[in-house]
Amino acid sequence: MLGTMAFALLGGDAFAQNTAPAADPTPVAEAAAAGPESAYSSDEYIASDGYSTFAVNNLWICIAAALVFIMHLGFATLECGLTQKKNTVNILFKNVWIISTGILLYAAWGFNAMYPGDFNGFFAMGSWFGGNLNDASLTTAEYNAGYTWWGDFIFQSMFAATAATIVSGAVAERVKLPTFMLFAVILVGFAYPITGSWKWGGGWLDAKGFYDFAGSSIVHAFGGFAALACVLILGPRAGKYTKSGVRPILGHSLPLAAIGVFLLFLGWFGFNGGSALSADPKAVSYVFTTTALAACAGAVASIFVSWIIIKKPDLSMALNGILAGLVGITAGADTVGEGSAILIGLIAGVIVVFSILFFDKIKIDDPVGAISVHGVCGIWGTVAVGIFSFNPEHKFFTQLLGTLSMSAFAFIFAFAVFFILKLLMGVRVSAEEEAEGLDVAEHGAPAYNLN
Amino acid sequence: MLGTMAFALLGGDAFAQNTAPAADPTPVAEAAAAGPESAYSSDEYIASDGYSTFAVNNLWICIAAALVFIMHLGFATLECGLTQKKNTVNILFKNVWIISTGILLYAAWGFNAMYPGDFNGFFAMGSWFGGNLNDASLTTAEYNAGYTWWGDFIFQSMFAATAATIVSGAVAERVKLPTFMLFAVILVGFAYPITGSWKWGGGWLDAKGFYDFAGSSIVHAFGGFAALACVLILGPRAGKYTKSGVRPILGHSLPLAAIGVFLLFLGWFGFNGGSALSADPKAVSYVFTTTALAACAGAVASIFVSWIIIKKPDLSMALNGILAGLVGITAGADTVGEGSAILIGLIAGVIVVFSILFFDKIKIDDPVGAISVHGVCGIWGTVAVGIFSFNPEHKFFTQLLGTLSMSAFAFIFAFAVFFILKLLMGVRVSAEEEAEGLDVAEHGAPAYNLN
Amino acid sequence: MLGTMAFALLGGDAFAQNTAPAADPTPVAEAAAAGPESAYSSDEYIASDGYSTFAVNNLWICIAAALVFIMHLGFATLECGLTQKKNTVNILFKNVWIISTGILLYAAWGFNAMYPGDFNGFFAMGSWFGGNLNDASLTTAEYNAGYTWWGDFIFQSMFAATAATIVSGAVAERVKLPTFMLFAVILVGFAYPITGSWKWGGGWLDAKGFYDFAGSSIVHAFGGFAALACVLILGPRAGKYTKSGVRPILGHSLPLAAIGVFLLFLGWFGFNGGSALSADPKAVSYVFTTTALAACAGAVASIFVSWIIIKKPDLSMALNGILAGLVGITAGADTVGEGSAILIGLIAGVIVVFSILFFDKIKIDDPVGAISVHGVCGIWGTVAVGIFSFNPEHKFFTQLLGTLSMSAFAFIFAFAVFFILKLLMGVRVSAEEEAEGLDVAEHGAPAYNLN
């Protein structure tokens, strides 16, 4: 049956983030010739007509970076919309902090640590940020057929900050601001490049044949399971789980939440489409199609499943269904058929509803459903490659090993760091501050003045 | 006078959606050589420098698809902003449903039914969705000089869902959710590809020389007159038309409405610009210019006309003026002069004010002005091609015939289907639900929690 | 120390807005061969592979124009968010007016007046808008290697309207609508092209070697000091400066403000990236990187400085820090090192906090901080080129002369025009209207109906 789902066949992992070459200028030629994955885009392109192909490739990477950037606004508004009015300033402030420090830290260390993944394949230690503009090996196809050194950096840096943004949603409404700021910096600046290098940096998982096109595991499961660790330490929001059962804490603005999800959907065209790492017409257009199909299927599945279970057409479940489909297709957007993309999205849309209800049942309080959307669906998307991929080299157990390794690392790392921070400075605001709301308590001003 | 308005002359319909080739792989070569319309972009491009030109063309189609996607957020926020707070969840839910099912249905049937328009030119019945990635005739300029099969699909699918979105605004605040969901599916999945195929699929209107560059009729008038049919069956919102006259029902958030219109303006650069169906520098830059000029002229006209009539500077009229200008220029963005574009926009901006006031006077209740903006201005834009076009082959009466045919089909089809749905399941919520608001009544939760 | 900051070296002003050629078709060949600045992009590109390179260049200019367009939504939502609820319709209306008339006026006069800067280099008087599509010298690399005549127009027109938008924020909540509408038209339509032509039109500042890559002075300082003049004439909002000290007037929606800043950040990739005036991979990717680094550094600096001074983590300062960094890097995004970009952003982030506090102290009431963000940081960014540029031809005193000349011109021009308008029609609403709010008083309807 899965065979009939796979309408199309790709010749191989023609395009994927793992073709990203070394940030370190030296081993570029090596990386460009490294294997079957990078061969396609490089050779074919350069052979065709040189400069202009390079220009269009690099332009797409830059535009894709801008699209991924706007996902950060999507995350911010989604998180605000699904939480209480009184914590809105706090959430926006966290998100400004995450994107700002995320890009700076990725420049300072992450980019060079993530690629190419020397140091025994566990993490790299590249040269200090700052390419020389006069060095033609950074600005031509000699560096990579798809982008310059700076195109590479700006695109990858937008991904890096995402991990902390995912955590931000799960810990919202009760986390202590300075603690979270420090935690975000450590997670994005230090942990993300490590697991990233396992695959995209050419590390041990890459060597095993693990596949994660645009980051179902590397970005999403990573963020989702880091979030789970933090939530376990932090505990639920006051009043959520009472003796008389779960008391839903409603979001304060569903239009904000919907704006967030639509912006995330938009940005995902850059997240996945840009992960083709070139403007290869086949790759980009195909990835756009599978991405959109999975997102739509996720929404439809969540709508119907939640309607059956909750007995009403639930908007926040529909919105999370879109995200579930997007996270689900991210690992295999270039390597599964159109029908498989729809099926992956549908299953993700079902999973996310049950997962959100499950975590609520076991009293793990995740205000925006980040653990389910990014963590659980990230694992699903990664193993789905092992089920639906055209490429027989994508093995189910390798996919499972990869996603569990990354999720486990994220969970353990986040748990350890957040636990130490708890001992050192505390992770949770006082009960009074939580009741008053973080906006007035920590920031001294409300988000709205509507009277 | 019109002659002096037309500052520039195009050699022909060099670029337009009707150069879209068959989705069915077989007749591609045929379509590429089909006539003067496709000749320009294909031959000239391929001759120039092959692969890289194809890559930039396809990239633009994909980016344009992303821009059209964000119009769906624009429609959603505009509709929310211009309606009452208590129906916001319902509107957002409808819009998630429309985009999700719209793309899936277009994959399942619409795309292949719309192109190339066999079956006597009335509607096609192409092959099941799912192109084979290994088939080079789908991923190279052999398919089309401007895009791959998937680029074609993703761009066109974003258009398809728009028809139902237009209806959504007109029936807001009182339509029954399951009925609307079913209606939207039938309209997008079945009716839109039929009229679309008349022109873009190479059907009977195309054979007659009808011209509709990016869909003033195919998308906008189609949606607007389907909306009119539904509103006639549905009736006005309770309390709108009283014995003592029209009681305005104010929108609950003009910032949301403004966000919507600016996002629609942004997305229209993809809607019109992408309809050049290539990155042809002349075509894309020219269409961007005429599109922006008409939008701005529409706003200025609406501002002054409404100021004179209503005696105040009315924001929602200014916003609708932008949209009127955009809808007006859509049919001829590549085939009229800059001055003509401004004039088309100005007239659209005048029309929309009078049209909105007219429909209110005859008690046709359209909360967002969708019938006027998309229906009436869609007709205006289409016939304006017959007045202002450089191309002497664009005849006024053919334009009139085309737009009236499509509008009539949309009206009759929507009327029939919505009427049957009324008999089968009802189309309107109960008076109690309408008074309470659909958010709590149908979805069980309010959109805002601001206290 | 600055030397070690400048990690990279550019060969010259390879890419910059001042390579923009004449809008007048005649002197194009001349402009293309005009000097070292235009030589790079033109010759190298055309030589490489002709048509497809031209197509990707022009596509980027068009997409960049769309990105700059969305900055207008960013400005609108930022201004709304930081002001009171009762003036929201007024602000949105002003912003619709500015973009609409801005583009039309730039078509009617500005574009031809700004380029190429004949008439003794003070202002030009080009031909009436309306290029001939059949004139190949407007649609090929013969016009410019980076774009067609229309690509040039649409990109530049989006910049033009920005000047008035900056003023709009500073005069918000008390300016008389018709007066502002007239002022905006005069500023955008007449004054902006004059100072613009001094540099980008090849005028006297260009001849002196002044450098302003994407408009720290030409757009931002110009707008900021025009704003200062208007605010001086207009006076502070009622109740802001009382005998008992400054009474903060809180913005009504920080989510709107944050949406605005993120959209501005997004649009700035087009504002700066598009100012490379081609898709040159080195230029675009490098400018994206410096732009993002400076914005992030600005945010981090503002967060810490304001936290120290105001003793709390202030969201609006963090948001203004992003903008300060963006304005700061705009003049030199292509000509300073990565480390310098970070430093420029950090300093801008410090400056903006002190500047906002300073203007409040001297009772100059600027609701959104526009004078500080655009005016003061615009000057900083321009002189920063004289400090950090790779290019030894960029002299500190020339930069200072240029930015002060433009700021002074903007200030004097705006002061004179606004003063005359004050005498002719008044510039300020009545105390009653101000207390009631402009939405109901001038527009007859509130922005929100949330009950």
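The letters A, B and C name the chains in turn, as written, and every chain counts its residues from 1.
Here is the rule we go by: contacts are C-beta pairs under 8 Å (C-beta built on N, C-alpha and C of every residue); 3 or more make two chains touch, one makes a residue touch a chain.
Treat the numbers as computed from the prediction; the structure is a model and nothing was measured.
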Chain contact graph, described as a line, ring, star, complete graph or other shape: complete
Same or different contact residues where chain C meets its copy chain A, judged by the half mark: different
Chain centre separation (chain A, chain C; CA means) in Å: 33
Contacts with two or more other chains, residues of chain C listed in rising order: 49, 52-53, 55-57, 59, 63, 253, 259, 448, 450
Partner chain A, residues of chain B touching it in the complex: 49-59, 61-63, 65-66, 69-70, 72-73, 76-77, 80, 88-89, 92-93, 95-97, 99-104, 107, 129-134, 139-140, 147-151, 153-154, 157, 177, 253, 256, 259, 442-451
Touching residues on chain A, where the partner in the complex is chain B: 7-11, 45, 48-49, 52-53, 55-57, 59-60, 63, 67, 84-85, 250-255, 258-259, 262-263, 265-266, 269-270, 273, 279-282, 284-286, 288-289, 292-293, 295-297, 299-300, 303, 312-315, 318-319, 322, 337-339, 342, 390, 448, 450
